[in-house]
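Below, each structure is written out as structure tokens.
In the two complexes that follow, chain A is the common piece, with chain B as its partner first and chain C second.
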Partner chain A sequence: MAGRAPVRTMNSAFIAMIADEDTITGFLLAGVGNVDLRRKTNYLIVDSKTTVKQIEEAFKDFTTREDVAVVLISQYIANMIRFLVDSYNKPIPAILEIPSKDYPYDPAHDSVLSRVRYLFSAESVASDRR
Partner chain B sequence: MLGPTNWIKSKLRVAELQHVTPLVRTKFQSDQAACFWTRSFPKNPPFPLPPASVLGGDHLLRRLYLGGYHHIIYILASHLHSAAKRLDKMSGQSQRLNVVPTVTMLGVVKARLVGATRGHALLKKKSDALTVQFRQILKKIVSAKESMGEILKSSYFSLTEAKYVAGDNIKHVVLENVQNASLKVRSHQENIAGVKLPKFEYFTDGETKNDLTGLARGGQQVQACRTAYVKAIEVLVELASLQTSFLTLDEAIKTTNRRVNALENVVKPRLENTISYIKGELDELEREDFFRLKKIQGYKKKEIDRQVAAAKAFAEEKVAADIALKKGFPLNSAHDLLTQASKKDEDIIF
Partner chain C sequence: MGEDEAIAKSSEDQNDDGVSESKAVPVEDKESINDENVEKFLDSMDDYLILVDSLSSILRQGWLELASARHSMGASRISASSYDMKYHSAATTLQLQHETASSDVGQPHFVLRKWESSDSPKKDPSDSPTRDPCEAKLEEDKWVQSVSSGLRIRTKGTSESSESREKKAENTGSPLSVDGHAQKERLKALSMFGALAPPKLRAAQLSFETALETLADIANVRASLLRAYEQVQKEMESPIQ
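Coming up: the complex of A and B.
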């Protein structure tokens, strides 16, 4: 198909994360975290000292890495770099906005979900779901 | 691409004017026609001059011109011009291919039309299949997003529990212990109507590193927390593959629909126009051939008639000469006698 990157198969890929410390801790406990030889991690812990620029760079890095299949990003962090998240439209890696502990989840902000909602309301299926 | 002559001809051919033009048209065209033509107009006509042949060629134009009916030529031309313009608007974007109008080409273009029709039908089916799949995925995404909220909430709660039991420094232990990912994702492709959709699934690989975490206290809570997060990962991976499928399918549907529309609105009309053009041109050739044959037949008949008449005259003359010989004096002398007599005496009446 023209204009679409070919979907590549991956035998083993990581789940990258950009989130607050607690969320990261939980997922690391599940065994998601990876540190390679150059001490490069597949996650970014965002705290009050992390700048938006760092987040942007991490996001760009994770979305261009070959070995990342899914990027989990806390929604309040995604809101900080909303322009990047919204302009990202490649199928792989998939960007998932997850709720964080301190911030309630707002589906209206989710870039994919808002598109889904839009299509749903266009098909008027949303009425019986809501 | 097309010269003005061919342009107007092609417009006129398709037109409802088709039944008018053969009447107006004659087969004999000459450069003289153009001459009559241009002289019938003012210096700068308000519309481009159609060629004389379109208006009826030499005969009609000459008759009109010599008869002083310039205005009729003018009106005829302007009518044709507006008809051509209307046709142009009607046919709009759908033009035809630039091909030589031959029977072979007709076959080729017909084959292409068949191919385009089949392709159109197939693509339409594909688009439908993709749309069905797309709707299913939409529904799944919405429900998965909702369940994701629930599951993450419970996993956060179990993390808080673990922290409470094992102490806050558990997160430092976990963060320090990271080496290689034991929980990874692999993807395989699923083929839906020719579109390859990636499906993710998670798998554990190698032993889990954090086995000893919380050994001192709260080990059970830590393990519960781990299973809660693994469950969350399961849902998230599922959601990720749905989301990827969503984006890929969206793109695929767009491309397919674009192709369907292109075939339906551009390619097929163009091919149909080409076919009708070639058919018209072939019909025209046939008519010309027929006319030529008729004409030749007419000439031959005339020739034969003339010969027959000549032979008859000759035979009659011969018979007359024979009779004259038998009677004893030549036919010509009798004839001479008469003419001489008529010259001499003008009052002699037979």
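Coming up: the complex of A and C.
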């Protein structure tokens, strides 16, 4: 389709993470941690001292990297950069919002669900079909 | 006979009340295609919500196990300061495939590849046991059973155990050696927090591995959800004749 970038094939793409320490510790135990020669990691630990700017920069960095297939981001962190997450519309890397310990998953804030939500409003469905 | 007439009449009434119906055949076909896409969209939405719910409970279990391990090992030992900051590449990665369906642009399809490192021998993709996470889990269970029986044999004598292990390797082929490699990688990840890992830490590791599998499924369902949504939106915007 015109205007849509083709999906590239990647053999071993990383999973980037922007989450709190416990979540990242758990996923590092599962083996997704990557440190390259420049000591750059594929994760960002967000704590009380992390600024919104740092989160934005990490998000932009992970979403522009060629070797990242999925970016996991805790939903409460995604809420801090909601405008960036919602305006992101590339198929790869996929942005997955995950719950965190202190903030359970809220479908109202999920970027994917909010994108498709308007299909459920009575107004849009009924008016086209009558 | 009377019943058939009544049924036909009631179905006609329903058609009149329901969404726009026309006697012309092309529009009905178009309607059925519309309905098919809407069904796909709703199915994907349902799958997505179910998977996210299951991810929440798996993560909750993982956090609880992590907290339990922290309680036994000490808070300072399981923290960001223990992370391995030396150069190493991720053992668990994603393989991204191009799914070419009937449409021109393919949908991305994510496959989780667990516990593969640059040291592992490059295998033919058809041999890769991690292509399907469910299959990997089954083979892992088989391997665990074979190892446990191997351990029992080992107490009798090391020569016996090596022979039996070799025989098993011949019988099962690659899965045994690959899953042995997976166990080594798991231990390597655990060793980040100290030589002796408590059982709760191992359990947390397995929970987060399961969470990764669920996340790969979520990524696939998300892609199909967005695709179905685009198709429904396209149909809604095109003029209905």
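Convention: the second predicted complex is superposed on the first by the 115 of 130 C-alpha atoms of A that agree within 3 Å, B and C clash if a C-alpha of one lies under 4 Å from a C-alpha of the other, contacts with A are read in each partner's own complex, and residues count from 1 in each chain.
In this text, a contact is a pair of C-beta atoms (placed from the backbone, for glycine too) under 8 Å apart; a residue touches a chain by one contact, two chains touch by 3 or more.
In this text, all values refer to a predicted model and were calculated from it rather than measured experimentally.
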| item | value |
| --- | --- |
| Fit or clash - chain C, chain B, common chain A | clash |
| First, second, both or neither for A:99, with chain B first and chain C second | both |
| Chain B versus chain C as contact partner of A:37, first or second or both or neither | second |
| Contacts of A:119 with chain B and chain C, given as first, second, both or neither | both |
| Overlap of the chain B and chain C footprints on chain A, listed as residue numbers | 1, 4, 7, 9-15, 21-35, 41-42, 45, 69-70, 72, 91-92, 94, 96, 98-99, 101, 105, 107, 110, 112-113, 116, 119, 129 |
| Chain C contact footprint on chain A (complex, rising order) | 1, 4, 6-15, 21-37, 39, 41-42, 45, 69-70, 72, 91-92, 94, 96, 98-99, 101, 104-105, 107, 110, 112-113, 115-116, 119, 124, 128-130 |
| Chain A partner contacts - residues on chain B that touch it in the complex | 135, 138-139, 141-142, 145, 148-149, 152-153, 155-156, 159, 170-171, 174-175, 177-189, 195-198, 200, 202-205, 208-210, 213, 222, 225-226, 228-230, 232-233, 236-237, 239-241, 243-248, 251-252, 255 |
| Chain C to chain A touching residues, read off their complex | 19-20, 41, 45, 48-49, 52-53, 55-56, 59, 62-63, 66-67, 78-80, 83-98, 103-108, 110, 113-116, 185-186, 189-190, 192, 201, 204-205, 207-209, 211-212, 215, 218-219, 222-223, 225-226, 229, 232-233, 236, 240 |
| Interfacial residue positions of chain A with respect to chain B in the complex | 1-4, 7, 9-15, 21-35, 41-42, 45, 69-70, 72, 89-92, 94-96, 98-99, 101, 105, 107, 110, 112-113, 116-117, 119-120, 123, 125, 129 |
